[in-house]
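In the two complexes that follow, chain A is the common piece, with chain B as its partner first and chain C second.
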Partner chain A sequence: MGYFKDIFVGGLSLIEGMGVTVRRLFQPLVTVQYPRQKIPLSSAYRGHIELKVFEESGTHKCIVCLNCEKTCPSGVIRVQGEKQKEKGPKTLTNYVIDFSKCSLCGLCVEICPTSTLVYSKEYELVGETGADCQIDLMARLATQVEKTREEKKTQEIAA
Partner chain B sequence: MDELEKIEADDRVYSLNLGPQHPSTHGVLRILLDLDGEYIVKCDPVIGYGHRGHEKMGENRQYKQFLPNTSRMDYLSGLLYNHGFVLAVEKLAGIKVPERAKYIRVIASELNRISSHLLWFGTYLLDIGGITPFLYAFDDREHILDTLDTITGSRLTYSYCRFGGVTRDIDSKFIDMTRAFLKRMESRWADYEALVSKNVIFIHRTRDVGVIDVNLARQYGVTGPNLRACGVAFDVRRSEPYEVYDRFDFEIPTGTRGDALDRYDVRFREMQQSCRIIEQALEQLPEGEFLTPKVPQKLSPPKGEVYTAFESARGLTAYYLVSDGSPAPYRCHIRVPSFGNLNVLNDVLPGTMVADAIAILGSIDVVIPEIDR
Partner chain C sequence: MSEGLLGSELFRLILGLVIVIAFSQLNALFLVWLERKVSGHIQLRPGPMEVGPHGLLQTIADGVKLIGKELILPLKADKKLFFLAPVLVFTPVLVGFLVLPFSPGLIIHDMNVGVLLVFAFSTITVLAILTGGWASNNKYALLGAVRSVAQNVAYEIPLLLAVLSVVLMVHSLSFSHIVESQKTVWFIFLQPLAGLIYLIAATAETNRAPFDIPEAESELVAGFHTEYSGMGFGLFFLAEYTNMFLVCAVATSLFFGGWNGLFGFSFGIPGVFWFLLKTYLLIFVIMWVRWTFPRVRFDQLMNFSWKVLIPLSIVNLLITAVVVKII
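Take a look at the complex of A and B:
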């Protein structure tokens, strides 16, 4: 008797489980068809770091204090600066990060005294060689400045 | 000469390499099995393939610089590991944490615990042949990852906690998303029960399979859901409450048989209890600071040592730090639960069949990089 009961109860449990999957069939799709379809990034998204372009000056505020370079656990950041005059602050000449070593902990962003380091929203970062992971933030800054200028222009035209 | 030795000496016994890679473990695990036909006579897990020297790294850098490492040991519950490490350093340096930060950490940690269990739920059933629950579990897990993404900006290795708080305050969007997730899960538990818990094939594959005896579990230092499945209601959140866990009303699910089905059941109910904790934490959430501004950038705790245990998704995890007054710890030791949980297989697997070995290995829920670290 137990044998047939087992078959009956077992069969019922399988049908019940099938019911769940059948119900799912009529629910909306959850798959996002990346790359044709993209979802908005969270505002907290942590990409690689970049230099922030401040609106009032049109450039970054890096003072070459090297705090980011020293605080980085993995030696990702290389900053170089030069003194323009005999006395006075250094100006940034070179800012390169090796993204292949970065663990995205955010310590550099937190320690930056002038808040000029921010997270970029870049996430499509496929590279074929190690050299592709070397990101030159100064070169990036030039395109960023261009971009903000263009955005301003379109805004003005729209206004 | 006992029975096993007799079989071993026999040339009918041959060795089988389970691994070095196995889908259930998401790391590199190799288990050397000695087989007599379909039966296992000897089991020997080989670990160390993913050794990166995290403990040594911890001793060679400042305290805060070790934070990103912590979430890379157990990558499935990285936030819990961050949480435990900041707890240890805060205790060592005597840093006070704002109330709000404590609640935020608990909410985020419990969300992470559910996501870890959901991943285990999906992959375990995938291991023993059920593909559909995997897809559903990952769909649910995605909601947690999206929710955590809004505050941490990351999906797996969060580095969210800081000494004296967290990096980012939670906003109404996060709270709404968390509430929506909890509401969603209410109906999902019933679905999972109908689909998996009551499934006759699943029950037959896991009931009385891989029974861990309470004494055996104690000998090997098995903790977490695996120990609770043996009937021992041991949970660090209850026995040694850290943060604000003593303010919540939650049960500690336990099993009776200590088999794979019990381990499944305990984890399943644990997810529901985590939901309860989050619900209560959201209700009690106080206003205030989320990060204390008094922590110096270069932290040099006074001379001393600290041992802080916390409950990660896999069991009792602990940091042991010794400070000699310098900005880097003199000694950094980490107690991981998976080591004991995996090695108990030495005594559990012999006598079972190869097909059961997969069902047992998956039910233990080991994360190999945590063992190798």
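Take a look at the complex of A and C:
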């Protein structure tokens, strides 16, 4: 009798298995078609650093104190600034990081006295040469400012 | 002149051959795409999406790539047999198309031994696999080929016994007679056990999962076609999918009413479409089985055939014979 019971029970379990897979056929897909389709990043994501655009001034608040450059354990950051007036404050002219050496320790972000350094959400970092790892934050700032301006515009239109 | 040419038997055969070759290629292109789509959706991913709408042209791109590749001949391989095997594997499949009853007027050659012809020639596939595995001079290929022979010997018996119970009921080996006698009731309702045994054995005959022991990649790399590259591999691949169509088409005409509609109602749909619809549904079921079940072990495979399928099919045949005699 065990012979027929084995066939019957085995057959039932096979049908059950096919039921599982056929239900999968009609479930939504989990694939994200990456270059065309992106999912929102976690707010905890640490990309390379960037200069924050403050809403009230429309630009960054860097005072060229060079704290970030000094605290960086890997010598990633190079900051240059110059005085506009004889006894005035320095203004930032050049901010370049070498991301190939960065370990994302975040000391620069912690030490920044004006909180103008933040983590970016940049993760598409493909480059062909070492020079592609040199990221010019001032050039990046220009596109950021443009972006926030556009976002404001669309928000106003929506409102 | 033209009427004489069109009516001649030779012209009919050549035309049939051209249509069959074109159909088998198109069918394989479509089935490979379908298989990848089915497997993808079962695993919650979309399958090929990049070439053409929903990846429809992906197989054509793959085919062009295969044609462009070098045919590598392994050292100390038997050159003649090595290149003969892929050709040999494709011929029996083409012969099978000769007697397939697509619709009442659409049979290339309606023979009175049609069923016998299909199964007689389908055994040549095993010979081709053995030839390829032997000629490759590779232990994995040889092991795969030997397994394939053992498996096909074991599964041919229940397959033919299941077919025999249908033949007993109709008293004919001609496909068109068998299909005609299913006008109102399909044989799957009269012979459910035989139908099931046929489908299981046919899956094993076409070396498809869960019975794909001859090409079990976890132990044999790729089995009998390990050493084949380019179109040599392509032909084996093509033959597998055409074979799949063939066994499903035979199953359709033996058990699922061929060109007949549901319970005698055809709903105005031509017979060819009924036939193709049922065939492709069966192919889908075989694909569904492949992406559901894991590969069986070799002893399980043999036990299942000799201890379950063959006794059951013999009992089924005996009961059929008694019932046919009484009625």
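Throughout what follows, the second predicted complex is superposed on the first by the 120 of 159 C-alpha atoms of A that agree within 3 Å, B and C clash if a C-alpha of one lies under 4 Å from a C-alpha of the other, contacts with A are read in each partner's own complex, and residues count from 1 in each chain.
Here is the rule we use: a contact is a pair of C-beta atoms (placed from the backbone, for glycine too) under 8 Å apart; a residue touches a chain by one contact, two chains touch by 3 or more.
Note that the coordinates shown come from a computational prediction; the quantities given were computed from them, not determined experimentally.
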Which superposed partner A:21 touches (first chain B, second chain C, both, neither): both
Touched partner set for A:33, first chain B, second chain C, both or neither: second
Touching partner for A:131 - first (chain B), second (chain C), both, neither: neither
Chain B versus chain C as contact partner of A:158, first or second or both or neither: neither
Common interface residues of chain A - those touching chain B in one complex and chain C in the other: 14, 17, 20-21, 24, 30
Residues of chain A defined as touching chain B within the complex: 6, 9-10, 13-14, 16-17, 19-21, 24, 30, 42-46, 71, 73, 103-107, 110-111, 119
Residues of chain C touching chain A in the complex: 38, 41-46, 49, 288-289, 291-293, 308
Contacting residues of chain B [partner chain A, same complex]: 61-62, 64-69, 72, 132, 136, 139, 142, 146, 149-154, 157, 159, 162, 167-168, 191, 194-196, 198-201, 297
Chain A residues within the chain C interface of the complex: 7, 14, 17-18, 20-22, 24-25, 27-31, 33
